[in-house]
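Take a look at the structures listed below.
Next come two complexes built around subunit A: one with subunit B, the other with subunit C.
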Partner chain A sequence: MAAWLGWLIESNWTDPFLFAVYSIVKPLSGAAILVVMYGIITQGNFDSALFPYIYLGNAFYIYVGAVMTGVSWAVVDDREHYKTLKYMYIAPIYIPIYLLGRGVARFITGSIAVFITITAGVLFLKVPLKFAEVDWWLFIVTLTLGVVMLALLGLLLAGITLTVARHEGFIGEATAGALYIFSGAVFPLDVLPAWIRPVGYFMPTTYWLELLRRSLVGNVAQAFPTLANFSNMQILGILLGLSIFFGAVSIWVFKICDARARELGLIDRTTNY
Partner chain B sequence: MSHSLAIETHDLGRIYKLRGSKKEKRKELVALQDVNLTVEQGELFGLLGPNGAGKTTLIKVLTTLLSPTSGWARVAGADVHAEPDSVRPKINMVSGGESSGYGLLTVRENLWMFSQFYGVPSKEANERIEALLTMVGMKDRMHTKSSDLSTGLRQKMNIVRGFLTDPEVLFLDEPTLGLDVGASRDVRKFIIEWLKADRERTLLLTTHYMVEADELCDRVAIINKGRVLACDTPTALKHRLQKDALFEIQTSPLNGLTPQMLVDQPEVTKAAIEETETGAKLSLGLVEESALARVINLFTQKDVKVMSLSKREPTLEDVFVDLVGRSMAEEESSETQ
Partner chain C sequence: MKPSNAKFISQEGEINLAVHSKYSRKDTGWRLFLKTIIARAYPRLIGQQREVSWMVFDVIMPMLAVIAYVFVYRALNAPEEYIGFVVMGGAMTAFWMNILWSMSSQLYWEKEQGNLALYIMAPNSMMAILLGMALGGMLATAMRAVAVTLMGSFIFGVTYEVTSYLQLFSVFMLAMIALYGMGMLMASAFLLFGREAWHMANLAQEPIFLASGFYFPIKSLPFWVAAGASIIPLTLGMDAMRQLIFSSGFQFGFMTVKLEILILAVMSVVFVVTAKILLAYVEKIAVREGRITESRR
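Up next, the complex of A and B:
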């Protein structure tokens, strides 16, 4: 039900044609900026292993912003815009499940964006992805685990959103932006100063992106030293462990924030910011 | 607790900590103080008070949206703070004066979606939606996007949303706020019919319209500044004032005459003044009718002309004046100053 509502909200803000154009143009524009920058810096060396590393990392990173923001933005949307959050709260539903459901729509639009970006990369930019060589089992397990992990992180952000007024709409985007640097999305963690690398090692997104790359373009992805000494299963184990840890933390934080929001009377607050 | 109690509060309190500027200390706003109420199952209970009296805060606490800072409250047998998950399946709420809802969904879709959150089977939900929309005169708007509805129709849609799930306890917070006279009458009629259909349904209604409380409610609690000042049937509340003779007087501008000057007269038990375009409207309570002559004499001294004078039966407004010392309108304007 929440997913249905989320999809209607996500897809009905304009007419279908404009929505289709937007869904195609937006991810391609994002990828184009990166490709142009890469082309200038490397003087057009698109055959380097670095290119698929960056391109795929950037493509799948679309999920990070989309899923996390999709879940947390539902709080802002329902509380400030539709003024329905209080009615959802008093309904006999489990609010975290409702919020996760609302995030499904952004997962779907994010998936379309990822698909378009990767397809364009394969067709026009020689990203070395061969369907016959893809480790589909690893890809599907990793993608699923990662999306669940991102949705739970979105729940954490939703909890924080419940308790803050100013700039609440930017929490998801801001967090996704911050994680972009520390997740090895566009450059290996080894590029970062040594003292800051542990942040990246603690982020499940780091292992998630690494495994996605390995499952799609295995040998190229392993050309970088950061996690080269770890096998796929080891990385999957780390990803699973960190996902469970962050998932538990997210649920705990949401519960605390939910109780705090009830204490402060914030469930139905409209700030008009 | 008796099983026939739909709502019970004990010394219920709610204090808000208000954030000022960085240099200022945090201020405290007492929204509810020592509220003790019981509402029987099947009752239509009214909370009557001016804006800012604490009515909405009380509804928020009772509907599990807000935690109390002291005391406790039980709704449908469960503690609203400790057991919100037990309370929620049994309640619903409608807030008046707001245009909530998903504008991109049709009226039917909006209502159907909420019915699904309450586990109403889809077929039954559709039947209920059609029946309720017919009752409020909105059947022809069932497939209209709610963004295309007028404010009044959107409010009616929300009222239907509250009734749709057939709650044990329904909270209506100023349900007719912002509605025109005809729509308000329709809503009041609908409320009465809904309660008649099942004697186990309980409805708590907040309003600052005296007539609405008088017309609808089995019992009324008069609330001001977070405190319940009186709680009884409208008839019993008004009966308290029967010993006084009540007069309504339209006058020219008062030339400095204040309610206090009137109350200072030995035979005047209460006085409320409402400024009008042409002068003022006074509500006076007198120990006996013969005292009226002395009041008129006071008007003459102040060069105030009496435009009309009528004796009338007491209303809940008079009860409020009796309890608070001034009219609800005066109380609201003093709160905003």
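Up next, the complex of A and C:
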């Protein structure tokens, strides 16, 4: 029901056609900025291994903004915008599950955007994705694990959002923006200064994006030295371990923040910001 | 002196001169217009600075994009000029975001919060309110843009070589006037939107970053795409500024700086005049159709 509610809120401001355009134009424009940048510098050489690395990393990163921010944004939406969060709290529902459900709508729109972005890359930009060579098992396992991990990270942000005012809209965006840099979404981590790379190695999104690239374009993705010494199974193991760690931390943080918000009477606080 | 209103007479029957002098002078005409501009600019300029954490976020958010794009160029072994282009583009995003969220959407937000009806009821010009929003927003955003430029330049070692300060000043001022004129125009149009206002502003981010060449020279795009994108004043403004502040900037220019200055001057006049006409028209429609006080259609 929360997912259905989320979908209605996301999509009912306009007609389906405009909603589809809105859902497509935004991510494609973001990808096109990188494509133009790449095209200018390489004189249009889209055969380099770096191009699918950048393109696919950026495409799948749409999920980070959509799912993680989607879950945390539900708190802002319900508390400030619709002023219904207090009613959700007194309803016989489990709030974390409700918030995760609200993120499902963003997952659906995000999936459409990812699909269209990748399709455009394959059709028009020579992204070397051959369906016969895709490791579907690895792809589905990685994608599922990653989306669950992102939803739980969203829960962490939702907890923090519950306890703050006036900056709540920035929290998701700032986190997603920082992960964009530290996860090597659009450039190999080796480009970062050496002292800052360990942050990237600690982020589950780094391994998630690497595995998604490897499952889709295989050896092309493995050409970069960052994780070249790790096998797919090793990376999957690291991703699973970090996902469990961050998932546990997220649930713990949410519980603490939720209790604090109830104690301080923050559940129905509106700031008009 | 004969009091014009009984409230200015104290209990002893004496005129309260302090109150009288404060409230009896009625500002009209240009004086009221200017006071309205200052009054609306005040919360933009002063109020926004009171929430320090917002200032931090306003600088950090564009910096994250700048850092990411700089490292993309580094991964591609791009010439160093491009790093400077990204830093400048990142700084200018602050102005575009301000136009979208604090100019275009502003009358819609005011409607949602119930202030719009008060603006229209008050004996001041709506144009003065829009100008105040623009002036305050421009100055407040300029501080953030300077912070992004300084941080980006420091972190990535960007160097500048200004060829003409006069032209640079002219380009920047004309780009700002035209841009905020456009913002005033869009504010009128957004007044008619319902819930889609938020989505429209959201949609006008990445496509404009792409078309206006925030992170690469606009010359790299096909001619007609670049020409079409020039309707956004920042497109030509950034193109001219890149030519004026980077030593090899002229190689990347879409048009000559003089031509861009001329076009920006024309745009400034056109946008501000059109905003005035559209505001009057839209206000009339909104009043007639009862959209001033409604919320979330």
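The definition used in the following text is that the second predicted complex is superposed on the first by the 273 of 273 C-alpha atoms of A that agree within 3 Å, B and C clash if a C-alpha of one lies under 4 Å from a C-alpha of the other, contacts with A are read in each partner's own complex, and residues count from 1 in each chain.
In this text, a residue touches a chain if its C-beta (ideal position, glycine included) is under 8 Å from a C-beta of that chain, and two chains touch if they have at least 3 such contacts.
Quick caveat: nothing in here was measured; it's all calculated off a predicted structure.
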Fit or clash for subunit B plus subunit C once both are placed on subunit A?
-> fit
May I ask you to decide whether A:D268 touches subunit B, subunit C, both, or neither, giving the answer as first, second, both or neither?
-> first
Check whether A:I181 is in contact with subunit B, with subunit C, with both or with neither, and answer first, second, both or neither.
-> second
What is the contact status of A:I196 with respect to subunit B (first) and subunit C (second): first, second, both, or neither?
-> neither
Touching partner for A:P92 - first (subunit B), second (subunit C), both, neither = first
In this superposed model, does subunit C or subunit B come into contact with more residues of subunit A?
-> C
Could you look at A:L5 and tell me whether it touches subunit B, subunit C, both or neither (first, second, both, neither)?
-> first
Look at A:T84 in the shared chain and tell me whether it touches subunit B only, subunit C only, both, or neither; answer first, second, both or neither.
-> first
Given the touch rule stated above, what does A:I256 touch, subunit B (first), subunit C (second), both, or neither?
-> neither
Return, as a multiple of 10 degrees, the angle whose vertex is the Cα centre of subunit A and whose sides reach the Cα centres of subunit B and subunit C.
-> 70
Shortest C-alpha to C-alpha distance from subunit B to subunit C once the two structures are superposed, in angstrom?
-> 7
Could you pull out which residues of subunit A sit against subunit B in one structure and against subunit C in the other?
-> 13
Can you list the subunit B residues touching subunit A in their complex?
-> 16, 57, 60, 63-67, 85, 88-89, 91-93, 95, 98-105, 113-114, 116-119, 161
Okay, in this complex, where on subunit A does subunit B touch?
-> 1, 4-5, 8-9, 12-13, 82-84, 86-93, 259, 262-263, 265, 267-268
Of subunit C, residues touching subunit A in the complex | 51, 53-54, 57, 60-61, 64-65, 67-69, 71-78, 82, 113, 194-196, 199, 202-203, 205-207, 209-210, 214-217, 220-221
Contact set on subunit A toward subunit C in their complex | 13-14, 18, 22, 25-27, 29-30, 32-34, 36-42, 50, 54, 166-167, 170, 173-174, 177-178, 180-181, 185-188, 191-192, 272
